[in-house]
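Each in C-alpha cells, the structures are laid out below.
Shared between the two complexes below is chain A, which has chain B as its partner in the first and chain C in the second.
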Partner chain A sequence: MIKKLTKNNFFILLVVLAIVMGVMSNLSDYFLTPLYLLNATRFISETSLIGLGMTLVILTGGIDLSVGSMMALSSVCLGLFCQIGIPSILAVVFSLLIGALGGMLNGYVVCKLKLPALIVTLATMELFRGIALGISGGSAIAIPENLYFLGQGDIGPLPVQLVVTTLVYIIVAVFIYKTNFGVYLKSIGYNEEVAVFSGIRVTWNKVKAYVLSGFFAALLGVLFTCRVSSAKADYGNNYEMDAITIAVFGGASLAGGKVSFAGAYIAAIIIVMIRLGLTTAAIQTEVQSVIIGLILILAVAFNNFVASRKTVEM
Partner chain B sequence: MKKGLKKVIGAGLALSMVFSMAACGQKSGDSSDSASGSEDKTKIVVMPKVVGIDYYNAVKQGVDEAAKELGDKVEVTWQGPTEATVDKQIEMLETIIPTQPDVICIAANDPDAIKPTLEKAEKAGIKVVSWDADANTRDIFVNLVDYTTFGNAIIDSMADQIGEEGDIAIITTTFTAVNQVLWIDAIKARIEEKYPNINIVDTREAGEDTQKANTLASDLMKSYSDLKGIIALGAPNLPGAVDAVVAAGKTGDVVVCGNSTPNTMKSYLKDGSIRDVQLWSAPDHGYLTVYTAYTLATSGIEAGKAFEAGKLGEFTPEKDDLSMNISLPLVEFTKDNVDDFDF
Partner chain C sequence: MYKNRKAIKALLIFYVIILAIMLVKAPSFFSVDNAMDILLNVSTTAIAALGMLCVLLVGDIDVSVGAILAACCTTTGLLAKAGMPLIVVIAGSMLVGIVLGLVNGMIVTILKLDAIVATLGLLSIYRGLLIIITKGSWINGLPKNILNLGQGRAFGIPIPVYIMILVAVIMWFVLNRTEWGRNFYAVGSNPASARLSGINVRKTRIIAFAVCGVLVGLAASIYTTRYGGIQSNTGKGWEMTLISSAVVGGASTVGGEGDVSGVFLGALLISALGTVLVFFGIDALWEQAVQGLIIFVSVASYAIDFKKLKSRFVKGGAEND
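Right, the complex of A and B next:
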C-alpha cells in the first residue's frame, strides 16, 4: 500500500500540502484562521485559473507564454470599455472575448505556420503587453463600482473567485474526462503525426486549447481588475512563469501528453500558501524566492524519480 | 481517464480539508495570541516599491536605525515585492492586513490601484502612512524634499558660484515629469525674484541617460560660448554634464549644479569638478517614516502641530487635499560630508 502510494504523484502533492500547512501555521498564529484562509482562496483561485489554461496547452505539447500579458490586456480593455460607457456586463464579456481571440491567434499561428509555440507565444507576450501599454498609456483606469462584486464579493460565505474557478475546473474536468476532447489533446501531445493519421482534427483541437488558455487568462484579468478596482497594463508580469510552475509541479511533462489537472490545482494551493504564509510570517521576499525555488526543484526531481521507477517496474 | 475525474474531486476534498484545519486551528491561534502579550508593542510594516536595489537598501538603514532607537516599543518589519509592480504590493498587503499591524507605511507603485486595499486596512483599524510615492488613501504622507525648497537650493548654489550673473542652461529628464516641471518652475521663480542678471538660454531633455546628458552639455557649451553654468537635473544626468565640462577643459569656467546620489558623485566632488550636489538623505527618509508611524499610532498626529522625530528634530505636518504631509529636509553633499552617505 505505502509503496503504491509513494508512486502516486497526487498523493505526494497532498503530503507536501499538509507539510506546508503545518509549517506555516507554526510560523504565524494568523495563518490557520478562517478569515485568512478564505481570503487566501481568492489568490489560490486566481493562480489556479491561469495554471489550468497552461496545463491544457502543455497537454498538447505546446506552451503559452502570453498568459500574463493577456491578463493585462483584458484588464486594460475592461477599464477602457467601461470608460467609454459600455455597460459593465458587456464590457466583461468583450474583455473575455478578446482573451479567446488572442488565444485563437496563438493557436492558428502555431498550427498553420508550424512555428514552435515557445517562439509564437513569446512574440504575442510582447505584442499583447505592448497593446495594453499603448491603449492605456500606462496609467491606471478606474472601473465602475458595480463590478467590484466580481473581485471583492462573496457568494454565501465563499469568495466569488473560488466559486468561479471551481465551476471552471468542474466544466473542464467533465470535458476532458467524459468526452473525447481529453483523449485528442493527449494523443496530439504524445505524437502529433500519429494523431493526424488517427483522424484527429489536430488544428481544431490544438486551437481550442490555446483559446481556452487565452480565455482563462482574460478571466483572471477581469477577476483581478475587479479585486483591485482599477485596470493597469503592468498586471500579470511573470504570471506565465507561475502558470508553468503550477502545471509542472502538478505533474505535467513539458514534452506533452501527460498532465494532471487535480495535481495542478493542489500545486497552486501549495505555491500560494507558501508565498502568503512566508509573507505573513514577515520573511524577506528574497528569502521567499529562494525557499520556493528549492521546494520546486526538490518536488520536480522527486516527481521524475517516481516516474522513472514506474517505467522500470512496468 | 475516469481516475482523473476522481482526482479532481479529491482536489476539492483537499481544499475542504484545508478549511477544517482552519476551524481547528483558530482556537489554538486565539489562545497563543493572548498569551504572547505583544499588545504594548507598536507593530509597523514598511513597504518600499521594490526590495533589493541600492536606493531602498539605503532607506532601510534608516528604518533599522529608528527601530533600534525605539527598541522594545516597536516591532518594525521591512517587506516589499521583488518587482516594482502594484499587483505584487496588493497581494502582500492582503496577507499582511489579517496580522493586524498598527501602521502600514507604503511607497505605492500606483496611487489609485493600491487605494481599495489601503481602505480595507483602514477599515481594519490600521493606520496608513504613504512615503516616497503617494497613495490616494492615507493618514499622512512623508514626502521627499519640498519642490520649491529643492529648486531654490540648486539655483542658489549656481548663483553663488557664477556671481549672480550670466547665461545658464538646463538639462532635464523629460518636460512632462512632475518633479522636473516643479523644480524648473521654482528655479525660474527664484531667478525672477532674486537674480535678475541670470538668463536661462536653453532647456533640453536628456531622459535619464548619462551619455545623452554628456552630448547635450558639450553641444550647449559650443552653441553658447558665454555659457557660465549648466543645471543638470536627474541623478544619471549630472555626472554626464560634469564629464563634458571636464573634457572641454572648462572646469571652473562653466559651473555645473544639480541633483544626484552621493555614491555616483563622490569622485567628482573630491576632485573639485563640482562643488555641491543637492538631494535628500535616503536613510533619513526611512528613519522619519518609522518615527512618523510610531507617533501616529501612539499619540496621534495633527496638521499644524509639531511632533518630534528622533535625531531629525521637529516636523510640522501641513494640511493637503487628502490629509496632511511632511517633507524631508534637503541635504547638500560636498567633498567634506559625502563619505558619510552610502547610496
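Right, the complex of A and C next:
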C-alpha cells in the first residue's frame, strides 16, 4: 500500500503540502486562520493559472517562455483600451484576444518553421515585453473602477480569482480527460512523428495548446491588473520560471507526454504557501528563493528516482 | 558540418543592411570612438556567450549564468578591495565561476535532471545565498590599478577587446583542434553513439558547464572593473542575453551545432543593437521590442533557408553544407 502510494506523484505532493502547512503555521500565528487562507487563494489562483498554460504546452513537448511578457502585454492593452474609452467588458475581451493571438504566433512559428519552442518563445518573450514597454511608455496606467471587481471582489464568500481559475481548471480537465484533445496532445508529446502518421492534426492541436497558454497568461494579466488597480509593462517578470517550476514540480516531464494538472495545482498551492508563509514570518525573500530553488531540485530529482524505479520493476 | 552557415550568412546580410542604412541616415556612426565603444560593449557578452555555446553544444542549457556573474563580480570586488594584485583577482573570480559551473554540471548529470529545470533552481539558490552572504550591499571604490583591466586602453584599443580576441582564439582552438571540443560536438549530436564510441558523456557535459563558469568568471572581472562597482542585482536576465547571442549566432538548443564565429557575430548584433537604435533615433522604450523582433526574424530566417535547402536536396541537387 505504502509502496503504491509513494509511486503516486500526487500523493507525495499532498504530503509536501501538509508538511509546508504544518511548518508555516508554527512560524506564524496568523497563517492558519480562515481569513488569511481565503485571501491566499487570490495568489494561489493567479499562480496556478499561469502554471496551467505551461502544463498544456509541456504536454506537447514544447515550452512557453513568453507567458510573463504576455501577461504584461495584456495588462498594458487593458489599460490602454480603457483609456481610449472602450467599454470595460470589451476591453477585457480584447486583451484576452491579444493573448490568444500571441499564443497563435508562437504555435504557428514553432510548428511551421519547425523551430525549437525554447528559441521561438525566447524571442517572443523579448518581443511582447518590448511592445508592452513601447506602447505604455513605461508608465503605469490607471484602470476604471468598475474593473476592480475582477481582482478584488468576491462571488459569495469566495474571491473572484478562485472562482474563475477553478472554472478554467475544470473546463480544461474535461477537455483533456474526456475528449480526444487530451489524447492528441499526449501522443504529440510522446512522439510527434508517430502522431503525424496516426493521422493526428499535429499543427492544429499544438497551436491550440499555445493559444490556450497565451490566453491564460492574458487572463492572469487582466486579473492581476484588476487586483493592483493599474496596468504596467513590468508585470510578470520571471513568471515563466514560476510556471515551469509549477508544471515540473507537479509531475510534468519536459520531454513531453506526461503531465499532471491536479499535481500542478497542488504545486502552485505549495509554492504560494511557502512564499506567503515565509513572508508572514518575516523571513527575507532571499532565504525564500533558496528554499524554493532547493525544493524544485529535490522534487524533480525525487520524481526521476521514482520514475526510474518504476521502469526497473517493469 | 557543425557550422551553421545559414546563420552566419543571414547575420552578415543583417550587418550589411544595418550598415547601409547607417551610412545614409547617420554617417556619424562610423567613427573610431563609436566602433571602440561597441567593441567594448560586446566584449563581456561575447566572452560569456562562448561559454554558453559549450553548454548548448553538449545539448544542455545554463540559465543560472546571471547569478554566477553576480557571484563572480562580488568575488572580484571583494578581492580588489582587499588589495590583491590583478592576477589574483581574476583567478579568484574564475575559480568561483568554475566551482559554480562544476556544481551545475554535477547536479544536472548525476541527479539526471533537465538542465533547464536544475539551473533554474540553482539560479534562485545562488542569488539567494549571494545576497544573504553580502547582505545585499553594493561594492564601490575599487583601487585604480585594478580598474585598468576594464577601463584601460593599449594602442587606442580597450583592453577587454584584446581579452575577447584571445578567448575567441583559444575557444576556436579548443572546439576544433582538441579532444574536448570534438567530444562536445559528438555528445550534443548524439549522446548514445558518443557513449558507444568511448566518450565519457557525463564528464564531457560537466566540463562544458565548467568552461561556461570559467568564462563567466573572466567576463565578471572585466564587467566589475569596467563599471567600477557592482550592485546586488547584477546580471539579472543576463542568461537571456547570452542564450539569444548564441542562438542568433546559429547555435542549436538541442546540441551539436554552433561555432565561435557565429556566436561572436550574434553577440555583436545583440549588444550593438542598443547603440544602433540610438543612432536611428528610436526611443529607448522600444529598444526591447526591436531587439525581440530581430531575434525573432533572424531565427525564423534560418529555418526558412533550411527548408529551401531541403527542397533543393530532394530534387536531386548534390548540395552539401
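In this section, the second predicted complex is superposed on the first by the 314 of 314 C-alpha atoms of A that agree within 3 Å, B and C clash if a C-alpha of one lies under 4 Å from a C-alpha of the other, contacts with A are read in each partner's own complex, and residues count from 1 in each chain.
We adopt the following convention: a contact is a pair of C-beta atoms (placed from the backbone, for glycine too) under 8 Å apart; a residue touches a chain by one contact, two chains touch by 3 or more.
Note that the structure is predicted; figures quoted are calculated from it, not measured.
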Applying the touch criterion given at the start, work out whether A:N304 contacts chain B, chain C, both or neither, answering first, second, both or neither.
-> second
After superposition on the shared chain, which partner residues are touched by A:G263: those of chain B (first), chain C (second), both, or neither?
-> first
Figure out whether A:S289 sits in contact with chain B (first) or chain C (second), or with both, or with neither.
-> both
Look at A:L127 in the shared chain and tell me whether it touches chain B only, chain C only, both, or neither; answer first, second, both or neither.
-> second
See if chain A has more residues touched by chain B or by chain C, and give me that chain.
-> B
Could you look at A:G182 and tell me whether it touches chain B, chain C, both or neither (first, second, both, neither)?
-> first
For chain A, which residues belong to both interfaces, chain B and chain C?
-> 284, 286, 289
Contact residues on chain A for chain B in the complex?
-> 10, 14, 17, 21, 25, 28-37, 39-43, 140, 142, 148, 152, 166, 169-170, 173-174, 176-178, 182-183, 224, 227-230, 232, 234-238, 260-263, 265-266, 269, 275-276, 279-280, 282, 284-286, 289
In the complex, chain C residues that touch chain A = 61, 107, 111-114, 116-118, 120-125, 127-129, 131-132, 136, 240, 243-244, 247, 252-254, 283, 285-293, 295-296, 299-300, 303-304, 307
Touching residues (chain side chain B, partner chain A) in the complex = 1-2, 4-5, 7-8, 10-12, 14-15, 18-19, 21-26, 28-29, 32-33, 36, 51-52, 77-83, 85-87, 90-92, 94-96, 98-100, 110, 112-113, 115-117
Inside the complex, what are the residues of chain A that reach chain C?
-> 63, 109, 113-116, 118-120, 122-131, 133-134, 137-138, 241, 244-245, 248, 254-255, 284, 286-290, 292-294, 296-297, 300-301, 304, 308
